[in-house]
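Dropping the structure in here first, questions after.
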Amino acid sequence: MEKKTLLTDCPDAMGLISKITNICYKHQLNIIHNKEFVDHRHRQFFMRTELEGVFNDETFLFDLDRALPEGSHRRLVSSARKKVVIMVTKEAHCLGDILVKAYDGTLDIDIAAVVGNYDKLAGLVEKFDIPFHHVCHEGLSREEHEAKLLDCVNQYSPDYVVLAKYMRILTPGFVAQFPHRIINIHHSFLPAFIGAKPYLQAYERGVKIIGATAHFVTNDLDEGPIITQNVIPVDHNYSAEDMARSGRDVEKSVLSKALSLVVEDKVFVYGNRTVVL
Amino acid sequence: MEKKTLLTDCPDAMGLISKITNICYKHQLNIIHNKEFVDHRHRQFFMRTELEGVFNDETFLFDLDRALPEGSHRRLVSSARKKVVIMVTKEAHCLGDILVKAYDGTLDIDIAAVVGNYDKLAGLVEKFDIPFHHVCHEGLSREEHEAKLLDCVNQYSPDYVVLAKYMRILTPGFVAQFPHRIINIHHSFLPAFIGAKPYLQAYERGVKIIGATAHFVTNDLDEGPIITQNVIPVDHNYSAEDMARSGRDVEKSVLSKALSLVVEDKVFVYGNRTVVL
Amino acid sequence: MEKKTLLTDCPDAMGLISKITNICYKHQLNIIHNKEFVDHRHRQFFMRTELEGVFNDETFLFDLDRALPEGSHRRLVSSARKKVVIMVTKEAHCLGDILVKAYDGTLDIDIAAVVGNYDKLAGLVEKFDIPFHHVCHEGLSREEHEAKLLDCVNQYSPDYVVLAKYMRILTPGFVAQFPHRIINIHHSFLPAFIGAKPYLQAYERGVKIIGATAHFVTNDLDEGPIITQNVIPVDHNYSAEDMARSGRDVEKSVLSKALSLVVEDKVFVYGNRTVVL
Amino acid sequence: MEKKTLLTDCPDAMGLISKITNICYKHQLNIIHNKEFVDHRHRQFFMRTELEGVFNDETFLFDLDRALPEGSHRRLVSSARKKVVIMVTKEAHCLGDILVKAYDGTLDIDIAAVVGNYDKLAGLVEKFDIPFHHVCHEGLSREEHEAKLLDCVNQYSPDYVVLAKYMRILTPGFVAQFPHRIINIHHSFLPAFIGAKPYLQAYERGVKIIGATAHFVTNDLDEGPIITQNVIPVDHNYSAEDMARSGRDVEKSVLSKALSLVVEDKVFVYGNRTVVL
């Protein structure tokens, strides 16, 4: 008996749930969890089906492909632990949270390595017996630096790259290597305060709530599909620095929530939006 | 073309989704929304299916009944507007919110009447051209009072009875007339602070968050199945009166949220819990 | 024995609290509540002092003026109920909430009149025995329309003007008549989604949280000082219409929270920010 | 120039703010932050004053003592980093969060040692070069075990003891050693679900929100003064285990928030309540 997850994403049509679940039934696969969603505006159907049984992937997918309409995507994902490379700059809170959660099993991931453009966090990473690579950007063009980063990351063939407060912008060339596989934490409630200094902007605008946003990285800065967001109240007592300090707990919980959803194969991307099933 | 909602609640078994959606498909009923949930602990299956098409209720339900396992419950509910009787004492906020929401269409209900054990809210109700009945409890035994209440409520044959800050305890006899059809708002985050003066208890306990709970009424005071809850932060600056005042906005939004879920047939009750699909 | 509130706003200096409270003490005024705040970035001091006693306003303010540094502002505000004119377009939820809250005393205001550029809400307003004025904008230039609005509003000499989903932009000329005295509810978590269709923008951006912002109106659209904000979670199940519907409860509670803070003289404006004491 | 914090807690009287700030002024101590609170119900005055200047503690406190009414408490606290001993059982999340926050400076504390009744977390603690003591309870009476614990803790003379998911009940004898100096995290929204298995209780009660509570430990189990609380929404999809897993992020952020408030001398205890200034 094995467990796998079937992810179906196709144009909506009558009888889709019935067709898909019939095929599971025919293959003697038990449905542990099933969630589906239809975007009526775009007539798109999404379904996530956790299955248990003895899988013959080839015949199962063959049957599915005959049943699904044209333009369908379906993936049958094993429940193996995902491999992750984390990229950082200087701030420890998001990294530390992921390290502790992976250590105690809350986050079921394999952290293959951590890569920093500064070496400040090497000590923390090494405490957890995980390789830390310092890939310094100084004196390098953006392209040269990213080439080095890419070499470093690719040696681990990660399923996902996590930007845990990595404070440099990645070029389209880098991003294209990992389509919808780079997860970033932005320290604001997007789309408010795009850019590098959101807490200062939030302070100056006098907002009463601040937040954080985890999203997939695309070529538009801070514009990729949003996975999770959360907020906390602030008031006039908060300086920009206070907001930044208070924001850390939100940033780290939002990032690790997003990471757990992604590695559990719960997140569909379509257009610039996510469906989380 | 009509719209109806099928609510299925039965022991879990393999292929249920497939069987039910097959029957919808066979009857040429289009699935607009479908949500299901399996309680693995209790091996119980729940599904809510919004359907569109030309219904032959009899043959559709006949087919369903043959397909579903023993111990199944299924209801095919029309999308007609539900009829509601509201019971109140003296506080206007929950009542006022429901009146305004029904008036502007946010809450798709038909308020048949409002019944109060005081007449304080008669003026507010009459502004909205809705009958108000003053059923005074003074000088009556609990049984006598409830007999009068029941007469008053029953003349409207309501689908649901809403206790919008009705501050008297109902007897099992009354409750039995409306199984899982009486919705109450309790002014605390249940199960904290059961009873009559939760804000005073909350103040004295020094809590930093207060809340409200909407639940179905059963024979155990404040122990019925919870539909929705919400909370707000408080601090040492709040007296018990301040908590009560601040709590009103939570109470009213929790109650009308619960009411909208119930009248949209989204709430299953089983045991002492609800499944909201 | 009377109650008044002293609002002090001045450049920060050593001993300010001591000086001000000494003067209260000397005048035999008891301090019921006192809150102060120093903005260290801008070296500005704010204090709100609720006083009880027998007031001689002239000598009290004379003493204060001698003690406070140059560039100080101080106001001694009576606790009389504030007079408010509400402006609306077609949506009932914010208006209805304020009407009910004023009716039951939750909001201690005197609603002098409601002015709408449509007459859709006349019926609701008249239920509460409050004058409704239909000042139609059709066939009029913006200036002509606002001149009529101004005539209509000014006959009531309101302390504050509340835009309860008034969906037209006001010109600088109108705004200048009521500096920091017009309160607006914007149906988004500002500064995200400035403009007319924030829920549609939020839907298209795929956000996971939506919100509402109450702010003073200045000449920059949706850019005035923020008084309160609040948010609710949403997900992929929400269409733009669902977001709008769910957003209504947030909008109304944010607006009436802001209004209650303002009429209780708890809000200082400086620059584009508020200090709420 | 030094920084110290004056904490005053006394029966309310006219002119207290004036008297205290006058004395600060006289001693040429600049007030950086000041917050006060009067509990009108109990006629008690609380003030927290952050001061900067050259301190002569003796004369300053002498002046204060002459000015304050009978029954006053006042403390002048240096801004030195507080020393903390953490007690744990088997769960890593709260401990891990505090370790990382102390490591990166978010939490300005000196973790003197960690004591566990199991040795499961020794590895994690030692990564941070902090002593871990395994004080096993097996085969010992409660009194014998606590005597050993006390020996172990006392060698570090901690300012505060933090129970970071320490899952055994402490006796009055132990608690009496650290009055209002032991901080516990309880994994529920107190006073709901007192006791050992709150998530199971929450699941069985069918609640829609779960929470965590940080409080000072007194002799009544889970009844001590509450410092902070927070909550997250749950629904029927959550098993008791899911609630426990989701609750971890709340527990850790509530505990470290409470700890930071306490070590910054912002928390007054009186009766069974806290005032957080």
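A, B, C and D are the chain letters, set down in written order, and residue numbers restart from 1 in every chain.
By our rule, contacts are C-beta pairs under 8 Å (C-beta built on N, C-alpha and C of every residue); 3 or more make two chains touch, one makes a residue touch a chain.
Note that the structure is a prediction, hence the values are computed from the model and not measured.
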Mutual neighbours - chains that touch chain C and chain D alike: A, B
Winner on C-beta contact pairs when A-B is weighed against A-C: A-C
Centre-of-Cα separation between chain B and chain A, whole angstrom: 37
Between chain A and chain C, centroid-to-centroid distance (C-alpha), Å: 40
Where chain D touches two or more other chains, by residue: 40
Chain A - residues contacting chain B, complex: 14-15, 17-18, 21-22, 24-25, 30-36, 38, 40, 233
Interfacial residue positions of chain A with respect to chain D in the complex: 91-93, 96-97, 99-101, 103-104, 106, 124, 127-128, 245, 248-249, 253, 256-257
Chain C residues touching chain A - in the complex, by the definition given at the top: 37, 39-41, 189-193, 204-209, 211, 225-231, 235-237, 239, 271-276
